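Below are two complexes that have chain A in common, paired first with chain B and then with chain C.
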Partner chain A sequence: MADKVKLFVNGQEVEVESGKNLIDAIGAVGIEIPHLCYHPALGADGNCRMCLVGIEDGRPPLVPACKTRAAEGMKVQLDTDKIKKIQRDIMELELINHPIDCPICDQAGECKLQDYYMKYDGQKSRMTVKPVLKAKKMDFGCGVVHDQERCVLCARCVRFTRLITKTGELGIVNRTDYARVNIFPGRPLANRYALNVVDLCPVGAMTSADFRFKQRSWFLTKSKGICRGCSKGCNIFIDHNREKYKDDVIYRFRPRLNEKVNGYFMCDAGRMTYKQENDNRLTVALLDGKETGLNEAVEALRRAVSQAKKIVCVISPNNSLEQMFAIQKFAANCNAAVSGYSDGYVIAGDGDDFLIQDDKSANRASFALLGIDASKAGFDAAVNGADLLICFQNDLSLSLTADALNALAGNCKLAYLGSNMDACAEKAAIALPVASATEDAGTLVNVDSILQQYAVAVVKNTPAFDMIHVVSQLGGEIKNCFEARAGLTAAVAALKGIDLEQVPGEGLALTVSEVPNVAA
Partner chain B sequence: MQVKLLSARFDIPDAHKIEVAKEHGAYATLDKVFAMQPEEVIELVKASGLRGRGGAGFPTGLKWSFLPKNIDKPVYLAVNSDESEPATFKDRYILVRDPHMLIEGIIICCYAIKSQAAYIYIRGEYTTQVKALQAAIDEAYAAGYLGESIAGRDYKLDVTVHRGAGAYVCGEETALLESIEGRKGQPRSKPPFPAVEGLYGCPTIINNVQSIASLPFILANGPDAYKAYGTEKSPGTHLFGISGLVKKPGMYELPLGLPILEVIDKVAGGLRDGRTLKGVIPGGSSTPVLTPEEAQTVTLDYESMAAHKTMFGSGGIVVLDDTVDMVKLVENLIYFYHHESCGQCTPCREGLGWMLKIVKKIIRGEGTTADIDLLTELCDNIEMKTVCVLSAACTMSTRSYLNKFRHEFEAYVSGGASSQTAM
Partner chain C sequence: MSGKIKIMERKGKDLYERLYLIEVFKGMAVTFGHFLSNLLDNSKLYVRHYPEVKPEITARWRGRHRLTKYEDGTMKCVACFMCQTNCPAKCIMIEAGERVDGRTEKMPVRFDIDLLECIYCGYCVEACPMDAIRMDTGIFSVTGDERKSFVLKITDLLETPGAFTEEEYKKGGA
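Here is the complex of A and B:
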């Protein structure tokens, strides 16, 4: 635990962490100091002047809280008339050249200027002269659209490209109120994390071309989730909404703070994986490509299982830990071989030293926990002579050539349980729809062996059954997620002593020292 | 009234050349300097009472003593030659007429603060001056006064000239450092102060050209000879640039402490015939204006200026007579500071532009009394809320015109403005 210091805010004694700046330290105990340019991941810049506070100890009368460290006995003034007037004055100056186009601005509802105006300003405009006109809807590349007039020049985006991605595409050109954020001519944003500037922007200056004008932010339900774009498992917000007479649709993923996993950010590719939750879904059961009732299709697969001489269950590295366990149990019951072959999910060399991983699946680490073999040799041995191949969300078309997959589908009956109409589902003789990642709950273990959980975020008008339920209908002994978790803690050594119903929000590191609650 | 301490060689033909300068005493103090300990040099400069000539008037020797002791990093000297404050034109004379006085001063200063690298940050528009200075530095290198062993001693010093790109704000010490480092000239937040963390993260002393150029006289003649001029708290002499509506505008070296009106009359030739005094800007455009009544009692020193709620500034005196339209002068003033705002802090970036538009509105005859009040309030709202004092330079001076010449603004508002011209 960090050292604590006692200081006074508006005369009231509070205990805060030492060494932190005043915004973070005092913010941690629930007292807000307004700020636009400061961001914990980007450090203090001190340009917005919104966080000016008074400190009674003989130092200059005003200091920026973002650049002032909390110290023992400090007397911080936030509620004096002087400070309140400064906050009001700074807000007035921020707004004189702002277009105040909230009705057509995507940021409305989650905009610092709006929030601070309501809380710290509230006065009528005294601007009787023409505002500064700047450029609008500039294409900055990577799906980032910039509005210079809405910009407050806090330089968060500029600092992001300099400090985090180290690509430096953005800069502030010109001085005085001609100053504006811009790219270099012909050199747009070109990094794989560019859309984070949209989240970082405290106002509506940076918008996402993908999200623009789709939804008002106050209509969105913001559910917690885990990104499936790669094995990092970045924590996300799933922003979704069920419009009247329509289905629940996801409009965007946004990064959610988890210091242990992804910090404040996520990659652009992961952010766009929300689309596969909406598009190209397998919503009905298919028998030889023809739509059929779910019960009929399940019955057909049950029959195939009972008649088959050699069955192979192909597990996906995107299956949750619970799903994998349920499928393993089912396979054992019907004497099936199990393979996790999924080489196609790995793009060697694609990862970087920040968040993006080579492995584009979310839960490969669980293969090791459950002893699932994912080798090509193991897969080849398993499918040799098999007459029924059941793919559980594993799109074999990624790992096998089209010819090899066709040959496989010709040699044996191909069944598929999944949420999307991918190439494997198209080839399958029997295809059963299951709930997608955002419609299901489960546990994932990321590349750094951090175990994280997610809950059901989206409920469709006609919900698909979750994978474990469908597997149980096929004859699996595990009926639901809870049974799977109970079974897992009993069966898997690395999970002994962990209560899978009580995993902390920031996840649990699966290392020897981090599994402390083993009954002695 | 005029004296010739700093300007002693200004009128000697070819004094910018090293042979001529040496004939007349340049580099003669070095023997004495190198015989002293660096700390002794600092004490001597402290004893002389020399105050920074850039505008703030901070005691030079005291500034040097703020360097941390026992540092393992290099120490830098940055000579501020960005002379951009409107009405200020003193350093340019030193750079062209007697650059070797500056170089000698740099050697003295660097020896005292134990620095082996000095940067001269020179205003980009000073093309003649930068050529003269660079030629002098080249001569000094060739003559062995700069480089590996200075004047045959075991002491190394390199001097680099860095040209600015035309930003007034780069005269602010930390923006100057940013600019030398190759970045956009924007002031840094303080602390840390440059003496602790300055150029390239190392302890750095930043002095004005005239401060540094004053060192050879002080070292040659001792602190008492320097203190013989000026007042107790403002010792020495200053290069005053007197401009505006006087008969003999120009640069004059004067001891500090002289009555400002006497200087205007006797040194600068007085007002044009038939004109009356309307105001005096005492030390560059950013210093609050003085009314004729106030000017009666003002003397040219730091303490008298402070007592009259203005500043000594850079010694750039502007004399305003009854033909001057103060509202248009304020427009010109705000135009300059708005144009030169670095755009970093919200109040300065947005506020100065707003102020300029309000003044223009008043001049167009579309203003109201509320606009004058708003202008006055904006001065308060902007001032001292920013990283540096550029905005305060604009608001302090603007406020002085609004308070002392409000009737001229009101004349515009009520439609009775005169057809006077701005300076």
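Here is the complex of A and C:
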């Protein structure tokens, strides 16, 4: 626990963390200091002057809150007429050349200029001269669309490319009225975190081409989730909306702050994984490629399981801990071999030292916890002579060549339980639809052995059953997530003493000694 | 059950009225008198000959909606969704897309108003920042023989002209 200092805000005594600047320290107790250029991940820049606060008896009496550390006995003034006039004047300056095209701006509804205008300004424009016209709808690359007219030159995006990605594609060119955020000629944004500037931008100057005009931000339900793009398990907001007469659709993923995992950011590839949740879904059960009722398909698979001599269950590294446990139990009941073979999910050398990992699956670390063998040799030994192969969300077409998969599907009956119509589902004799990651709840262990949980975010008009339910219908003994969690804490040594029903929001670090041999 | 019983005294006790027929003929005389006089001259009638004669509608009347256009024929709507957000009946369904007519950046590619759900409150008109949606078509009666015909498409909304001049509309308090 950090040291606490006592200071006064508007004459009211508050206890805040020491060592932080005034915006963060006072913001943590619920008192907002307006700011545009300051961002906790990018540090204080002090260029917007919006966070100027008065310090009673201070030298100087007026300081930018982003560059001033909270100190014992400080008397911070936020509501004096002088401070209010400064905030109003700064807003007036910011809005001199602002196009006020909120009706067509994607940022509307989550825009700092809108919020601060309503809260701190609220006056009519006194400008009589024509506003300076600047370039609009500039393609900055990586799906970032820039609008110079809306820009307040806070330089958050510029600092992001310099400090975080260290690529420095963006800069502020020229001065005063001519100052513009721009790229170097012919050198657009080219880094794998570029879309973070869209979130960083406090106004609508940086917007996403992918999300452009899709939805207004106030229609979106912002549910918490965890990204499945790689084994980092970045915390995200799942922004989804059910339009009238339509289904619940995800429109974007946005990073959610978790200091332990991803900080404030996420990668562009992870951001785009929302499309997998919407497109190419397996919605009906397939029997030899023909649509059938779910019950008939489940019955067909049950029969196949009871008739098979050697069964192999292939677990996906994207399955949640609970799902893996339920499948393991099911496999034990019907004497099936379990494999987690999924080499195709790993793209060697693709990761970096920031967020992106080589392993493009979310929960491989749980293989070690549950003792699931993911080796090629183990898989080959298991499928040798097998007559039923059940893939649980594991798209074997990633790991095996097309010929090898065809040979496999020829040698034994291939069944598939998954949420997407991937190559493996197309080959399968029996394909059962299950709820996708955002439609289900579960637990993931990321590459750094941090255990995180996610809840059901999206509820479709005709919801698919979750994996554990379908497995229980096939004959698995675990009926639901709760039973799986109870079983997990009892059976897995590393999870002893952890209440899986009450995992803190920022995740739970499993100590290194408890999870040896975590896959890369 | 001991309610107070009140026996109503019957009116028209004299023989004249109790005969009924005389009173009936007196009543019919009044009826046929009106019938004949109206048959010969119906100009003094106190009713509007509705389907033939339409009522006069003021500029403030909230009739069927329309989408307005600039002088050059491009639509004013920029698909900001303010009307859809403000609509208490949730009868407006918009889909936005990239603008293709050279004005700004955004325009609706779909703009449906379900008139069966619309309550004609005029909140969409009030919410519009572009004066793009108005209810000044003067159309007060919408008929159709299937539900689908009550869902107005963007083309229907753009084609319908306003029933009033700009001055009349502005005077109406818009």
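By our rule, the second predicted complex is superposed on the first by the 510 of 520 C-alpha atoms of A that agree within 3 Å, B and C clash if a C-alpha of one lies under 4 Å from a C-alpha of the other, contacts with A are read in each partner's own complex, and residues count from 1 in each chain.
By definition in this document, a residue touches a chain if its C-beta (ideal position, glycine included) is under 8 Å from a C-beta of that chain, and two chains touch if they have at least 3 such contacts.
Nothing here was measured: the structure is a model prediction, and the numbers come from that model.
Chemist: Between chain B (first) and chain C (second), which, if any, makes contact with A:V459: first, second, both or neither?
Modeler: Once the two structures are laid over each other on A, A:V459 reaches no partner at all.
Chemist: With the two complexes superposed on chain A, say which partner A:I104 touches: chain B (first), chain C (second), both, or neither.
Modeler: second
Chemist: After lining up the shared chain so the two structures overlap, which partner does A:E243 touch, if you call chain B first and chain C second: first, second, both or neither?
Modeler: second
Chemist: Per the contact definition in the header, classify A:A486: touching chain B only (first), chain C only (second), both, or neither.
Modeler: The answer is neither, since A:A486 touches no partner chain.
Chemist: For chain B, which residues count as touching chain A in their complex?
Modeler: 167, 169, 184, 189, 338-354, 357-358, 360-361, 371, 374, 381-382, 384-387
Chemist: For chain A, which residues count as touching chain B in their complex?
Modeler: Within the complex, chain A contacts chain B at residues 46-50, 52, 61-62, 64, 67, 86, 89-90, 92-94, 96-97, 126-130, 132, 152-153, 172, 174-179.
Chemist: What residues on chain C touch chain A, complex-wise?
Modeler: 78-82, 85, 90, 93, 96-98, 104-106, 129-130
Chemist: Under the definition above, what is the set of chain A residues touching chain C in their complex?
Modeler: 101-104, 108, 136-137, 212-214, 216, 218-219, 243-245
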